[in-house]
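Shared chain: subunit A. Partners: subunit B in the first complex, subunit C in the second.
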Partner chain A sequence: MPREAEPSLNEKQFVIQALQENLRLDGRELDQYRPLELTFGDQYGVADVTLGNTRILAKATAEVTVPYADRPLDGIFTIATELSPMTSPAFEVNRPTETEVLLSRLLEKTVRRSGALDTESLCLVAGQKCWSVRVDVHALSHDGNLTDAACLAVVAALRHFRKPDTSMEGGRLTVYTPAEREPVPLSWLHSPFCVTWSFFGDEGELAVLDATWLEEQVRVGSCTISLNKHGEICQIAKLGGTPVDAVALLQCTNVALTKVKEFSDLVDQKLAEDLKRRDKGGFMAELRAENDR
Partner chain B sequence: MTATTAPEAALGVLPRSDGSAKYSHAGYTVTASVNGPIEAQRRDEHAYEAHVDVVVRPAAGVGGTRERHLESLLQSSLSQLILVKNFPRSLIQIVLQVEDSPENDYVNTKLVQASLNLAIMPALVQTAVLALLSAGVPMRATATATAIAIARQDGAQRIIVDPSPREIETGRSVHVLAFTSHGGLLLAESEGDFTVREWDEVYETARAICCRSAPAKDGMAMLLDDEATGGPDMRHFLRSTMESKVVADLHWK
Partner chain C sequence: MPLDTSTYNLALLRVDGRRWNELRRVHAQIRTQAAADGSSYLEMGHTKVMCVVTGPSEPGPRRGGVAGGGSGGAGAGGAGGKAEVVVGIVIAGFSSVDRKRHGRGDKRTLELASTVANALAASLHTHLFPHSQINVSLHVLSQDGSLLAALINAATLACVDAGIPMTDYVAACTAGSTSTYAANDEGADPLLDLNHQEEQELPGLTVATLGESDRVAVLVCESRVQVSRLEGMLAVGVDGCKQMREILDRVVRDKGRRMIQEGTVEKGVGLDDMDVD
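What follows is the complex of A and B.
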């Protein structure tokens, strides 16, 4: 497979010098995101996130399986990230690159380990049957900042998702098809989002939000902060790179919180719009299994 | 949800690949990217022709045997269309990402399914052809495809164009046919119980959908025509999509 072309020395210096003069190639502020768009598919659990030229599609699915032997009371929740040659011809099928491994680990830490989805609620029969919820993340186009876009897509897809309704009667488990009963949402506890800072300059003194692919190639370090809108930090990852001043990092965390609040509002608003679009009312509304309580 | 009757397509949706297309029809939505001709790996390199690499990625779960089968069908059909002899020792890479496929509300689907999903084939072929056109890969001809099911209803057999998953489940056989723009049969895959006469009928219906010579009719006449043959005019659709893209691209002139 062909290697991704690196930016030339001139290009690199141009980007860095512009950043030192507080200018970015696309005319954004240093702490400004590219235009963020979120759309939901016709099916439940499909979220499409566009961040500038970066585009991520996430799809959530659920099926009934046997729980792990060491966790009989928990359901299974997995996030699958696979970068295809569609993202860039440099990625190969079935051969994970470093980008892919780091992305899936970050998503795992942010969404799964922070307990955003209540896995105990996925248990159907202790030790025998449980739901296995799976989110597939497809990177359609990569123009920097895959992490933030992917995290937003995963959270939006899971919050949009509905799993088939079930009932237990005398030890007999029934899974209802969508035609029989309206599917039910997952038990969702909080929505964590990732905010990635990129550092430039010899000392890493320039902090920039939402780096494009070109900027990602010339940065000296990066730090991903995951938190929810209440300011609860789920994880901070600074993997190598130039050391950064601790006080500057604190400042970064504060800005990250305001960005996360914006993301959270955006997802809430889009979900509400989608619900309104789907709500047919009338007879179907009366047949719904869930009620306002 | 509701399946759209008219096909929809957008070209050049992915900014970083050589060519791309998004196509949705009959509940299926597929995005394709084409990169090529690019450097081939040693194991894929042919001395006299380009290697056509097709990757089909399902919306959920990892690709298994059924995706590999679809890939092999597509690979052999598309190699016939692309002028592979023009690019020796190189690679033309086509990635097809399924975004949405219609669901059967009467069953809970399993994630990994071994059974062949023929109904998705037309969407894959159409998207791949549109993406190849968008990438400017030289081709011998373009192609159009359609899926047709035969169902028995009240003793009489009925031909269903673009069947839903429910109709495929209850029907007797499913057929996928693709035609080149010269009218030649490119691909014919069938599954289920059918007779030679039924297949002939399917062939005629598919040919009418895929190879209708573009009539110079407008507005109402076209609408009536669509209803009469019971299917969209795929060749005209392909042409009008390309034309509108070219007009948009040459807007500056």
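What follows is the complex of A and C.
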């Protein structure tokens, strides 16, 4: 099993000592994120998130399938994560590492179990036909904090996604192509976002947001908090690591809430911009003979 | 069926007749397997868990991928001059109401294993055993809520039995809140130690703290809950962990005293003035 090269002792000490003096290697504040960029693809449901040198691509797709026998009234919603060797030599194809398992569990809990997508609206014919919505998360570049970037990408991709319009007439289900009928957005209930704190120091007294890969390698623990802008916690995961004071964790949650509101505004704003870009001015404008050439 | 909120408000009693701040009956034993380096058996209500610790010993052949041996394994630490803590969890098919097969790579089990491994690795003095491995094997015999808490407690006890030096007990328990996330009432009571039924219906979290301190080693919340509700739940959870630590400590001390009385171990020199009651 290939392993990621560890930073040298000098490097580790350098990072930790700098953090103890409230300095980070890239000159950020301890609770500051790297520049976050969100772009959408030409197709519906493709979101590309860049967080510093971390880059995540999420693509949402939908197909008509048979619902699970035990949930005839629900559609199917899956999130598939893939950390390929192009991200880091420590990842192998078809062999999920612990990082990947934890990442996919975290996305699952944050987006799926919190009921962000109304799966009942994906049902077409009870017990026979339903939409199966699938989001594929690809990590293109790994420089720490995959979780927050991946979660943002998934939420953005799903909110950008449009599924083909359908109609039922006399027991016949028709799925329309985009040319026949404008595709419809998913029924989206709330937008959860992850905020990951990394802890440093002997007692985990230094809490840092958006750790880079180097910082992730020397941290003593981490805590991922998922919230939506209404102040509802969707998930908290501090899976072991150095114990951290309970009061400090509560403060972390409050700071996370402000960050989540920023993310929420960013996604709203980018979605509005994208909608404007796609809006060509209606049917007549599309039929014009003039073009950009 | 949801937790009968109407009756809770009338009598302030939960479905199993407990008050909000009561733990379920905890029964624990250590040294249950004579051949193992360390072993324990723990019941929290109807949640029953067995744990066997092997090691610190020479690491076996290099493991591939995530799974270590049996189903649902995960490791922590191990890099450099530290012992690696490898945790494997086996959830018996008969442990819950619906007989469900848990596959080898079940993500939930892997997550549980990784959590237990990371929580232990931070408390055990792994730096004393370079290039070695501590194998923790957990078996879930019966599930009735608070599974992660029971796993952590059982693993802690087994590590104590194995004589691996550690900073303090890692004691865990769960806490919940009486109303669902949608109801924004301020009168919601926090609850201690959720059973399966409460876990299904109500928001809850699992807390593990290190010894008697307020320092949280594990905090897992998997349900939707208002942020304002967290403080109360966490406070009750941390308090429950302190109670749990007392219980675990009593189990270890009782066993130690009995072993001295039976003459299985010789009374150490310093033990006379040590408080072994």
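List of remarks:
As a convention for this text, the second predicted complex is superposed on the first by the 280 of 293 C-alpha atoms of A that agree within 3 Å, B and C clash if a C-alpha of one lies under 4 Å from a C-alpha of the other, contacts with A are read in each partner's own complex, and residues count from 1 in each chain.
Methods note: a residue touches a chain if its C-beta (ideal position, glycine included) is under 8 Å from a C-beta of that chain, and two chains touch if they have at least 3 such contacts.
This one's a predicted model, so the numbers in the text were calculated from it and none came from an experiment.
Touch criterion met: A:R95 reaches subunit C, while subunit B stays clear of it. In the superposition on chain A, contact of A:L57 is made with subunit B only, not with subunit C.
In the superposed model, A:C234 makes contact with subunit C only, not with subunit B. Of the two partner chains placed around the shared chain by superposition, subunit B is the only one that A:H138 touches, whereas subunit C remains out of contact. Touch criterion met: A:V175 reaches subunit B, while subunit C stays clear of it. Among subunit B and subunit C, the chain that touches a larger number of residues in subunit A is C. Once the two complexes are laid over each other on the shared chain, residue contacts for A:K109 go to subunit C alone; subunit B is not touched.
Contacts of A:E203 after superposition: subunit C is touched, whereas subunit B is not reached. Across the superposed pair, subunit B and subunit C both touch subunit A at residues 1. Residues 1, 6, 92, 95-98, 101-102, 104-105, 108-109, 113-115, 203-204, 220-221, 223, 227, 231-247, 249-250, 253-254, 257 of subunit A are the ones that touch subunit C when the two sit in their complex. Residues of subunit A touching subunit B in their complex: 1-2, 41-43, 46, 48, 53, 55, 57, 59, 61, 63, 80, 82, 84-89, 93, 134, 136, 138, 140-143, 164, 175, 177-179. Against subunit A, the residues of subunit B that register as touching in their complex are 1-2, 14-17, 27, 29, 31, 33, 35, 38-39, 41, 55, 57, 59-62, 93, 95, 97, 99-100, 103, 105-108, 110-111. Those residues of subunit C that touch subunit A in the shared complex are 62-66, 74-76, 79-80, 105, 107-108, 110-111, 114-123, 181, 205, 209-210, 213-228, 230-231, 234-235, 238.
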